[in-house]
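Notes follow once the structure below has been shown.
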Amino acid sequence: MLLVLLLASALAIVRARNLFAVVVLSGIYSFIMATQLTVLDAVDVAMTEASVGAGISTVLLLGTLYLTGSEEAAPGHRPVLPLLVAIATAGMLIYGTLGIPVFGDPSGPIHQHVAPRYLQEAVEATGIPNVVTAVLASYRGYDTLGETTVIFTAGIGVILLLGMGRRARYGAQGQGGGMQEYLVLRVIAKLLIPFALLFALYVQFHGDFGPGGGFQAGVILAAGVIFYTIIFGLANAQRLVPPRLVEILVALGVAIYALVGDIGLLLGGNYLDYFVLDRDPVHGQHRGVFWVEAGVCITVAGVMLAIFFAFAGRRRRPDAKS
Amino acid sequence: MIAQHFPALQVVVPLMAAPLCVLLRNARLAWAMALAVSWAMVFVAGSLLARVLQEGVISYALGSWEPPWGIEYRIDPLNAFVLVLVSLVGALVISYSRESVDHEVRREQHYLFYAAYLLCLAGLLGIAITGDAFNVFVFLEISSLSTYVLIALGRDRRALTASYQYLIMGTIGATFIVIGVGLLYLMTGTLNMHDLSQRLPAVEHTRPVLAALAFLTVGISLKLALFPLHLWLPNAYAFAPSMVTAFLAATATKVAVYLLLRFFFTVFGAPLVLGEMPLPEILLALSLAAMFAMSIVATFQDDVKRMLAYSSVAQIGYITLGVSTGTAAGLTGTVVHLFNHGITKGALFLLLGCMAMGMKRVTLQHMRGIGRIMPVTTFGVVIGGLGLIGVPLTAGFVSKWYLVLGALERGWWWVAVLILASSLLAVVYVWRIVEAAYFKPPGEQVARLREAPLSMLVPAWAMIAATVYFGVDTRFTAGVAARVAELLLGGFR
Amino acid sequence: MSILLDALGWAFLVAGGAFCIVGAVGMLRMPDLFTRMHAASVIDTLGAGLILLGLLLQAPSWQVGAKLALIMVLLLFTSPAATHALAKAAVARGVRPELEESGEQPSKS
Amino acid sequence: MTFIAQFNYWVAMALLAIGLYIVIARGNLVKKLVGLAIFQTSVYLLYISAGKIIGGTAPIIAQGLAVYSNPLPHVLILTAIVVGVATLALGLALVVRIKEAYGTIEEDDIHSQDEER
C-alpha cells in the first residue's frame, strides 16, 4: 500500500510543472519512503531519510527556488530517447532481479555469510546493542570516515561556490529580517528550540541502544539553529553562530574522527583500531565509537548550517530575467 | 614499524590535511601543506610498490577487524602502480600550482581550494587502494564531489554548467555502481572484493550477477568517459582551472580505468568477462569509435584545451582497446598507456596553463606565433604532442607498440592497421598547434606575453622529460605492466 | 480492564482516522486557502491527536507512552504555529479570503 | 517467485525508471536534481528490501527476540543517504550560481546563450 503511494507521488512529481509543488511532493515522497523503511525494519535509515530527505533537502530546495524562480518551462521536444533509456535500465535490472532470492527469505546468501557474525558477536565485542551503530562506527568505521569526509567536501564546496552569508548585511538596529514581528511564532520558537537541541543530544547518546547516532543528531542540531534563523533572521543567527565558527566546526568533526584513527596507530593498533584505546578492549570500542560519533555529529551540524547560511545569505538578483 | 601502516597513511594523510587547511585558513600554509603531503605520498606509494613487487600482496585490516567483516586494504602490483601514478602527478601538479592558482582563483578561496584538491587526491588514492567494493563508492564520491567543486571554480561561466553536467552524469554513474555492488552482495553476502572473487564462481551464471556486471560496466564507463558516455568530459576539462584540468586528465579517468580492470579481472575473472560475454566485442567497437570519432572532432576544435580534451577521450579508446583484446600484450599496453598517457596529457595541460597565464582562453588564433615569445613552453607542447601521436622515443610509442602486438596476437591485423591510422589523425591536430605556434606571425595579444616563471616550467618540463624517458627506458613501466597483465589474466588464453 | 482499554483505544483510532478523511475531503472541497487551512488543521489536531491518544491507550510500556505523550504535546504546539505562519504569509502576499463578509467580489490569486 | 512476493523490487525498479526519466528528459536544472534524488532513493529501497527477513525485527539486540533483519544494508544505505544529500546540496549550489550567471535555469536557454558567443 505504502509502495503504491510511493509510486503515485513519484509520478506526480513527473507530471507537476510548478517546481514548488515538485518540492512539496518530494518531501511527501521522502516521508512515505521513511515509513516504508521502518516497515522493512531499517529504523536508523528511516530516521535519516526523514530528517534528510524530508527535512534538510526540502529546506534547501525551497531556498533554491526562492533564488531561482519556481516555474518550469514546457519541454520543447517529445522525450522518446529518455524514455527508452529509462526503460532499458529498468529492464536490465528486472532481468537481473528475476533470479534473486525471494523477498524476506532468511536462507538468502546475504543472511548467511557476513551479517550473522555481526548479529552474534557485536554486543559482546563492542558492548553496543544497536548492531547498526556497531557496524557503522566500528566494523565499517572506515566507510563512515569516508562518509563524513563526503559531507565535509560538500560543505567546503558550497562555501567555495556561494560564500557563507558574508554578504548578509546587518540591517538597521540589528534587525536581520526573519519573522520577528510575529509574536506567536517568536514565543513558540523560544519554547521549542531548547527542546530540539535536547532531542538532538538524546539522539546522539541514545544511538547505542536505539535508532539514532551522530548523523541524525547533527541534522537535528542544525535544524534547531535553522529554525532560529528563519524566525529571528540571518544576521541574528550569525551573531549567535558566526560563519567562522561554522567553518571550524565543519573541519573539526572530520579532524576528530581521523584523530581517533591516528591514536589507534600510536597505541600500536591498526588505523581506526578501537581495541587499543583502553586496557579493556570492549571499553576501548565504546570509547572509540563515542568519539567517532561526536566527530560525525559536529561535522554534519556544521555542514548543514554552512549550507543553509550559504543559501540564505544569497540575495535574489533583481536583474534576473524571468 | 611505521612502514607497516603505509597502506592506511597513503589515504589518511591527505584526508587529514584537508580539514587542517580549513582550520589554518591561510593560503600559503595550505599550499605548503598540500605540497609536503603530496610529496610524502609519492614516497609512500613508491615504497608500497617496491614492497609489493618483492613480497607480494599486502593486506591491511582497518580497525583490526579481519576481512570480510571489516574493510580491507589490499595492494597488488596493479594498484600500487596506479598509486604511484596518481601521487606522482599530484605532487608535480601541486608544485606547479602556486602561480597558476594565484592567477585563476580568488585569493580568499585558496585555502578551501587546496583543501578540495587534497580531498580529491585522497579520494582517488582511496579508490585505488581499497579491497572493499562499497568502500570504492564512498571514496569515489569524495573524489567526485571535490572534482565538481574544482571544475566549477574555473573563470568562465561555462565552468558552472560543465560542473553541473558532470555532477548529474557522475552521480548516475556512481549510483549504477552501487546497484551493481548491491546485486553482487545479494548473491554472495559479501562486499570484500577478494571474498567476492572466491564466492562468485558458484553463482556465476545467474542473472543477477550478469546484470551486476552490466551495471558496473556502464557505471564505471560513465566515470572513465568511454565513448559515447564522454559528454561531460570536454567542457569539464576546457573550463576548469589549468592545474585542475592537468590533475584530472592525468588521474581521474585513469583511476576509473583501474576500477574497470579490478572488477573485470579480479572480481568477475577473465573467463567470464572475456570468454563468455559479448563484452570484448562491444568494448572493441566503442574503443575504435572513440579513437576515430573523437580524434576527428579534436581536429576541428579551435580551443586548444578542448582539442586536447577530445584527444583524451580518443586516447581512452586506446586504453579500453587493450582490454578488449584480452591478451597479455594488449593488457600490458592498457596498463602502460594508463601511465604514459597520464603523464603526457598532464604535462600538456600544465604547459597550456602556462600559456593561459597571459590570455583568457587558449585558442589557436590567440596562440599565433607564441613559439617565439614562449619558446620553452611551446617546445614542451611539441614534444608532448609527439607523445600523443606515438612517435618513437616518446612514451606514447611504447604503449601503442604493445597494443599493436596485442591486436596481432589475436589475429586482428585490421585493428593494428586502424591503430596506426588513428595515430595519423593525431598528427593532424598536433600539427595545427605547431602551425599556429611557429608559422604564424605573432598577434598583438601574444606580443605582450612573457615566458612562464620557473616554478611552473620546472614541474611541467619534469613531466615532459618523463614522457621521453619512459619512451626510451621501458623497464619500469612495461616491466610492471607485464607482471600486472599476467596477474590479471591468471592463465586465461 | 485491558479489554476495555483496548476497545477504547481502537475507538479513538477509528475516530482519528475518520477526522483525517473529513479533513482531506475538506481540503479538496473548500473554496480558498484559508478555509482549506481550516480543514487541514482538523487533521493536525483532532485526527493526529485522537490517533496518538488511541496508541497511548495501547502502549506496551510506560516509556513508549511517555514518548507518545511528548509527541502529542509537540504537535499541539507546532501545528497551530505552522498554520498561523502560513496564514500570515498568505495575507502578507496579498491573498484575500473568498468568503469575505464585506460582499466585494472574490479575487482570484 | 510470484509477482506479489517480489513487489518491493518491482516498485524499486519503477522508481528507478521514473527518476532516470526525469533526469534525462527534463530541462529544468532543479527538477533534474529532484529526479536524481528519486533515482537514488530507489536504490535504498532495493538494498533495504534485500536485508529484510519476514518475521524479523530491527537489528537492535534485545532479550526475547531471535530473528533480526540484516544490519549491513542499513549501514550501507545510511552512507548512501548522506552521499545523496551532499550531492544534492552541491548541485543546488551550482544551480544558484548558474542562475546568477545566466539568468535562467532551463537547459535549452543556457545552451542557446552559449551558442551565441
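Quick notes
Note that the chains are named A, B, C and D in the order they appear, and that numbering of residues resets to 1 at the start of each chain.
Keep this in mind: contacts are C-beta pairs under 8 Å (C-beta built on N, C-alpha and C of every residue); 3 or more make two chains touch, one makes a residue touch a chain.
Please read all numbers here as calculations on a predicted model, not as lab measurements.
Chain pairs A-B and A-D differ in how many C-beta pairs they share in contact, with the greater number at A-D.
Chain C and chain D have centres, each the mean of its CA atoms, that are 31 Å apart. In this assembly, the C-alpha centroid of chain B lies 57 Å from the C-alpha centroid of chain C.
Chain D has its Cα centroid 13 Å from the Cα centroid of chain A.
With touch defined as above, chain C holds no residue shared between interfaces to two or more other chains. Shared interface positions of chain B, i.e. residues touching 2 or more other chains, are given as 134, 138, 141, 145, 148-149, 152, 179, 185-186, 191.
For chain D, residues touching at least two other chains, in rising order: 20, 50, 72-73, 76, 79, 83, 86-87, 90, 94-95, 97.
Across the assembly, chains come into contact as A-B, A-C, A-D, B-D.
Those residues of chain D whose C-beta lies close enough to touch chain B in the complex are 20, 23, 29, 32, 36, 39-40, 43, 46-47, 50, 72-73, 76, 79-80, 83, 86-87, 90-91, 94-95, 97-98, 101-102, 110, 114.
Interface residues of chain B, counted against chain D in their complex, comprise 134, 137-138, 141, 145, 148-149, 152, 157-158, 160-161, 163-164, 167-168, 171-172, 174-175, 178-179, 182, 185-186, 191. The touching residues of chain A, when paired with chain C in their complex, are 179, 182, 184-185, 188, 191-192, 195. Residues 74, 77-78, 81, 84-85, 88 of chain C are the ones that touch chain A when the two sit in their complex.
Touching chain B in their complex are the following residues of chain A: 92-93, 95-101, 108-115, 117-118, 138-143, 145-147, 149-150, 152-154, 156-157, 159-161, 247-248, 250-252, 254-255, 258-259, 261-262, 264-265, 269-275.
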